[in-house]
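To keep things clear, I will list the structure first and then write my remarks on it.
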Amino acid sequence: MVEAVESEQEQNEPQYKEYAIEEFLVRSEPYYRPVSDELELFTAAYNQHIPVLLKGPTGCGKTRFVEYMAWKLGRPMVTIACHEDLTASDLVGRYLLDSDGTRWIDGPMTRAVKTGAILYLDEIVEARKDTTVLIHPLTDHRRILPVEKTGQIIEADDRFLLCISYNPHYQSALKDLKHSTRQRFISVEFDYPPADIEAEIVQKESGCTEEQASALAKLGEKVRNLRDHGLAEGASTRLLIYAGRLMREGIPARRACQVAIVWTLTDEAELQRSVEEVVSSIFE
Amino acid sequence: MVEAVESEQEQNEPQYKEYAIEEFLVRSEPYYRPVSDELELFTAAYNQHIPVLLKGPTGCGKTRFVEYMAWKLGRPMVTIACHEDLTASDLVGRYLLDSDGTRWIDGPMTRAVKTGAILYLDEIVEARKDTTVLIHPLTDHRRILPVEKTGQIIEADDRFLLCISYNPHYQSALKDLKHSTRQRFISVEFDYPPADIEAEIVQKESGCTEEQASALAKLGEKVRNLRDHGLAEGASTRLLIYAGRLMREGIPARRACQVAIVWTLTDEAELQRSVEEVVSSIFE
Amino acid sequence: MVEAVESEQEQNEPQYKEYAIEEFLVRSEPYYRPVSDELELFTAAYNQHIPVLLKGPTGCGKTRFVEYMAWKLGRPMVTIACHEDLTASDLVGRYLLDSDGTRWIDGPMTRAVKTGAILYLDEIVEARKDTTVLIHPLTDHRRILPVEKTGQIIEADDRFLLCISYNPHYQSALKDLKHSTRQRFISVEFDYPPADIEAEIVQKESGCTEEQASALAKLGEKVRNLRDHGLAEGASTRLLIYAGRLMREGIPARRACQVAIVWTLTDEAELQRSVEEVVSSIFE
Amino acid sequence: MVEAVESEQEQNEPQYKEYAIEEFLVRSEPYYRPVSDELELFTAAYNQHIPVLLKGPTGCGKTRFVEYMAWKLGRPMVTIACHEDLTASDLVGRYLLDSDGTRWIDGPMTRAVKTGAILYLDEIVEARKDTTVLIHPLTDHRRILPVEKTGQIIEADDRFLLCISYNPHYQSALKDLKHSTRQRFISVEFDYPPADIEAEIVQKESGCTEEQASALAKLGEKVRNLRDHGLAEGASTRLLIYAGRLMREGIPARRACQVAIVWTLTDEAELQRSVEEVVSSIFE
Amino acid sequence: MVEAVESEQEQNEPQYKEYAIEEFLVRSEPYYRPVSDELELFTAAYNQHIPVLLKGPTGCGKTRFVEYMAWKLGRPMVTIACHEDLTASDLVGRYLLDSDGTRWIDGPMTRAVKTGAILYLDEIVEARKDTTVLIHPLTDHRRILPVEKTGQIIEADDRFLLCISYNPHYQSALKDLKHSTRQRFISVEFDYPPADIEAEIVQKESGCTEEQASALAKLGEKVRNLRDHGLAEGASTRLLIYAGRLMREGIPARRACQVAIVWTLTDEAELQRSVEEVVSSIFE
Amino acid sequence: MVEAVESEQEQNEPQYKEYAIEEFLVRSEPYYRPVSDELELFTAAYNQHIPVLLKGPTGCGKTRFVEYMAWKLGRPMVTIACHEDLTASDLVGRYLLDSDGTRWIDGPMTRAVKTGAILYLDEIVEARKDTTVLIHPLTDHRRILPVEKTGQIIEADDRFLLCISYNPHYQSALKDLKHSTRQRFISVEFDYPPADIEAEIVQKESGCTEEQASALAKLGEKVRNLRDHGLAEGASTRLLIYAGRLMREGIPARRACQVAIVWTLTDEAELQRSVEEVVSSIFE
């Protein structure tokens, strides 16, 4: 790796890329392995202007699925990770001062509405009330976004679709999606893929051997069963891929599983031992 | 659907529409199916300058009713979804910086007061105290809006009417409408329409067959009865329409009901099974 | 009513009126029916520069009384509805940016102090501490308003009087008027008027028949007695007037009472039935 | 009083006065009736640069005392009523935008420090932590005010003195003066004056007869004894003066006591009856 | 004292002084009476770039000690009293608007870091998390201050030292110094000085007689023992000095102790009596 | 030390250094003593674009390790100490006013993403939700940073790596890393080094004698065992180094340990005695 280091000057030349949010077209087909009729359901909803809610655990592929659909439908994809400090202004837009006074800048939600993008609000239950309420007029027959600060109403581009997601395991009484919001969507439930499909995904994404991928998929399945024994959440497909990639870099299998899976899943010594035992039973 | 995708350039041409909020006239008659004497009550209140409060569950048609009355009375309709982060400034207006100093921009409430619109505050109990209090001088004999930031008082256009709504099921001790607010309105209670009228609505709005619409209306009725068995809220008319539209796109009836109704109404496996049983009993 | 609708262009011509807050003189004598010696008490307090606190239930006529006194004393009336988001700056004033830098804009309290208005703070217990404290130097022998942001002190016009109100029924331990504030006022207690006077008011304000007005006043009296049976608050005179006005528009008496009184007073089915029984006993 | 009303034009001419805060010199000797050695104590503290804390109930004359001392010492008096929304910037100063950029405006505390005023912080326990902490370097041997926003330190004028007050009855565990603040002051305890002195004060301030003043002072004494029977706080001298002034305007004695004292002290019917009995026993 | 009052004009000429915060050099040797090896410890820490934490009760001389060390080391001293409303911007700096746009103004912490001052954060546990975290990179081997708003990193002047203090008696579970902060300092514990040294300090600082000073030191010792009998905190050396200074102004000893010590230490009548008894036993 | 003091003028010449945050290259090899295969793990993760989470107690060397890796990989290191008042704007950037209107300033996170730095978020669990969520799109296959305020998306430089840390001992139910965040990292657990390696580190960093260093390492080990006897946290390697450096300045060993370790670890007298006993047993 030391060899790969360039001269100091070259190193400091910026090598990043910048896009306008609404130009973020998924240009090449993302790798997505369908499990059921989810492609048909999403397409029907898109044609009928019905907003879509995706439910499922951490790292089971919800984001990748929306990305795949955006590519398939040829629409830009605008993703917003919801959290309690995200304001309506962050989404809709704000006035900026200019040499000629104030200038209005559209926020990402406004950009998505105007360009007819797939707007994906990730972990919607983390959003503040003003964000949640913003989507109401966008999700009934009006399909409008009122922009109170400019005194305008925007009727969405015909190709616009709103898609939201959340993880039902995190749901608490305090942070629940109100029915007045919920009943504006059809709902599709996701879960981790079955072991044979997951092995295919792990192998493709990590570049590890087929045998390693199968072992990792089996490990994922067994660790998820530990959820009934105190583990808060099972290993996501992403963690299995991380383990595969570390193995490809020459890290021994059990050490790779320890840092990618065991230590990531929990801080408690006893639970760590339970997961390690599963690892040992597979990678002897 | 893939065939409908235009060339990339065409796709990115904006196809949205923009209006000033107070110009949002309902231009063509909205579909509204009256259930009782609600048209007469609203018209009498409008003539007498009496503000109107609409009570009822999620998605039973309150917003559509106000829209219909705005069309019938020939007034613009200004809708504001209330939430705890909506400030008085968002409603009344604010100063913006300009090349010539500050400029005042009327908020949507001020615009409604000035143009004599139907001002509809949706889910009023979610509003902050300053919003709730703003409507007091607008709802007594004075019909004025004090704009403290400009030091002015606006007497409403004679055709202005204030209309608010809320869902009594959400009411908690913390979020209740104070009597000093409540006793400024007459109150009209709404509920889901009877099965024959609901079937008519579902068929008209989804384009599904009459037979499917009748089955969906029956399903709605039965699912609402499950509210006594742990379901927080019944299926709204909107969800029945979604199911009808998915069927029209070729999704099998039971799958359509699963994603539009079962998975939308609840995350709990047992409750989902109860709803599924109702679905199976209707769509065998 | 449809006949009354003007051409679309005419409809959109603004028909509202605007005043500066401190110019809101009550120009014609408001209808006010005294119940006791309240006129003499208020006049004595005004002559002696003693601030006045009005206590009483929702809609019993406190605001109308102050309006009447402002008319009688020939002073402008500045009304401020207190709430927890009203800042000292909203009341006292703020700096605005201008092409020549910042410009100071007096708030409504400062305007009232300078023009010698009757300043009416409605529901004072809802105010934040900074608002409550602002009135301290205005209500002792100094009669001054310190404006910290401009570094100035304003001595009130000799004809200035501060008047505040609250509803003792809402009082909780958390939201109480501190004695250091309370003991700066004399206090006048208000209640609903006796039945004969209330009938006179309802008839005059709604334009209904004398017989209807008497029946409504009797209804008001009976419903207020239900307060001992679980009803949070009785029907205000305003609600009786609403019912009278709906009757005048041709709505049948019992339906008018249902939407103006029964459904407005409570959401609970059982309590609604109790009130309906009272209605039925009067309007058979 | 109606006769005293001027023509409308005259009425609207401003008749208020404005001063810079630090020019608020008490120009004529305020009426103050010493009770003990408080004048000597304050003068000694002033000479020795020792900050002074005044403790005592509502309306017992703390503010008047400081005003008297400011007059006697020939210093301007800057009063700040503390509350939880008062920021350090409100007190120390802030930058304002100007046509030439930002301009610094001293706050009232900075003005007091620079002109050597008596700075009086009323109800200090209501202040936020940043206000409380601001006074620390002003109250030890350094006598400095650090102005963090301008990056400066101001050494107080030699004649500057800080004086604070609070009412120990309001003290709760949450709102207590920390010892690190408290131990920067000497403390003088105040109480209501004895009956003969209070009668003298009431007569002088209200203009009522000597007999009425004696009766009111006796009333004050008796009502304060009710504090052991559920009354939160006794009647302040100020309320007795209000009653005297209403009597002077021709309001009958018992009615005057009712509105100035009974209804002001409490909202509870039973406690009101107890106080009324005391009133009746004195004004038969 | 009346004689000392100047003509009104002279009085209003400003007599204060202003310094830049980082120029606040302690120019003349402050009076400091060492109790143990604290001078050696601080000097060793200064030479080794080890940050210093001072623990001890209210008014025992921590601030004076740091001032003395700043004088001895010839460094400017920048003091910041921590509180929960002090923001990182208040400490590090902020942008101000200028006629040419924004201008950056260094905050007191940045000034201290750049000029190599002794930076003294008083009552660090009162600070918000962002203040506490700011000092982390300043207190490890990096000795840097990241200024996120300008995108810069400042390496401290070699003579910079950070010193913080707190009073362990105030410590609650909620407001504790985290170990990740705490373990960046060596810690020196302070207490009130022994009686003979305290008498020396009281006499020197108040100008009272030696006999009075001895009596006051004895009083201090005895009152501190009352802490086991309900008194929250003992009398600080500062309060003893206040009593001595009042005596010097001619106030009788017991009265001086009452206002400087008894009434300052507590509001509770019974505890006041206990302290008064101690006063009486010493000043008969 | 007094001799080392320069003339006042020289003293006040600034001797600090300033860098742009993204230019903070670690120019000389930092002293880092590896304990296990942590170098290989980090390098593999860097090559595979896998984000890294470091877990471990206070002062065990996590920050130093990242610094070492940044030097080894030849990348700039951008460190951000997380806390609950750090906003997304502080990290991503903000608009500033300029003579030509607003200008955008990249925050430290944006700078790190653009220059391909090692971005180190220290104590991530202290961060607000908006900070935590910001890193989601940076840590999956997209490696993008959406900048909502400018409406842009930045694809990270290929050499960018995100690294975060936390101390599992501080973890409470309230402040836990959500699995949707956690499962985006591999995790490496750190602990204090074994006694022989720690002695080597203490000697090298403090300049004390080898014998002193061995004694201090032994002390560290024994004190950490007291954690089972009520001590919240053991002594960090840093505190041992502090003690060594004080000894080098001539402070006696036991006094050096008292101020560097005993008084720093706890305020409770009894626990202090336990630690002192351990000190006495080693430094007799």
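Here the chain labels run A, B, C, D, E and F in written order, and each chain numbers its own residues starting at 1.
Here is the rule we go by: a contact is a pair of C-beta atoms (placed from the backbone, for glycine too) under 8 Å apart; a residue touches a chain by one contact, two chains touch by 3 or more.
Heads up on the chains, UniProt names are A, B, C, D, E, F = Protein CbbQ.
Given the structure is predicted, the values throughout are model-derived calculations rather than measurements.
**Student:** Treat touching chains as neighbours and tell me the shortest step distance from chain D (Protein CbbQ) to chain F (Protein CbbQ).
**Tutor:** Graph distance in the chain contact network comes out at 2.
**Student:** Cα superposition of chain B (Protein CbbQ) onto chain D (Protein CbbQ): how big is the rotation, rounded to the nearest 5°?
**Tutor:** 120
**Student:** Among the chains, which one keeps its Cα centre farthest from the Cα centre of chain B (Protein CbbQ)?
**Tutor:** For chain B (Protein CbbQ), the chain whose C-alpha mean is farthest off is E.
**Student:** Under the over-half criterion for shared residue numbers, do copies chain E (Protein CbbQ) and chain F (Protein CbbQ) use the same patch or different patches to meet?
**Tutor:** Different residues, largely: of all residue numbers at this interface, under half are found in both copies.
**Student:** Please report how many Å separate the Cα centroid of chain B (Protein CbbQ) from that of chain C (Protein CbbQ), as a whole number.
**Tutor:** Inter-chain centre distance comes to 30 Å.
**Student:** Can you give the whole-Å distance between the Cα centres of chain C (Protein CbbQ) and chain E (Protein CbbQ)?
**Tutor:** 52
**Student:** Multi-chain contacts only, two chains or more: what residues does chain B (Protein CbbQ) have there?
**Tutor:** Chain B (Protein CbbQ), residues with two or more chain partners: 97, 99-100.
**Student:** Since the chains close into one ring, what order do they take if you set off from chain D (Protein CbbQ) toward chain E (Protein CbbQ)?
**Tutor:** Order around the closed ring, chain D (Protein CbbQ) first, chain E (Protein CbbQ) second: D, E, F, A, B, C.
**Student:** With touch defined as at the start, can you tell me which chain F (Protein CbbQ) residues reach chain A (Protein CbbQ) in the complex?
**Tutor:** So the residues of chain F (Protein CbbQ) in touch with chain A (Protein CbbQ) come to 23, 25, 37, 40-41, 43-48, 50, 53, 55, 72-75, 87-88, 95, 97, 99-102, 113-116, 128-130, 132-134, 136-137, 140, 146, 148-159, 168, 171, 178-180, 182-189.
**Student:** Name, in rising order, each residue of chain C (Protein CbbQ) that touches chain B (Protein CbbQ) in their complex.
**Tutor:** It is residues 1-2, 5, 8, 11-12, 14-22, 24, 58-59, 63, 79-86, 90-91, 94, 96-100, 103, 105-108, 111, 122-123, 126, 167, 170, 232-233, 235-236, 238-239, 242, 245-246, 248-251, 255, 259-260, 263-265, 267 of chain C (Protein CbbQ) that touch chain B (Protein CbbQ).
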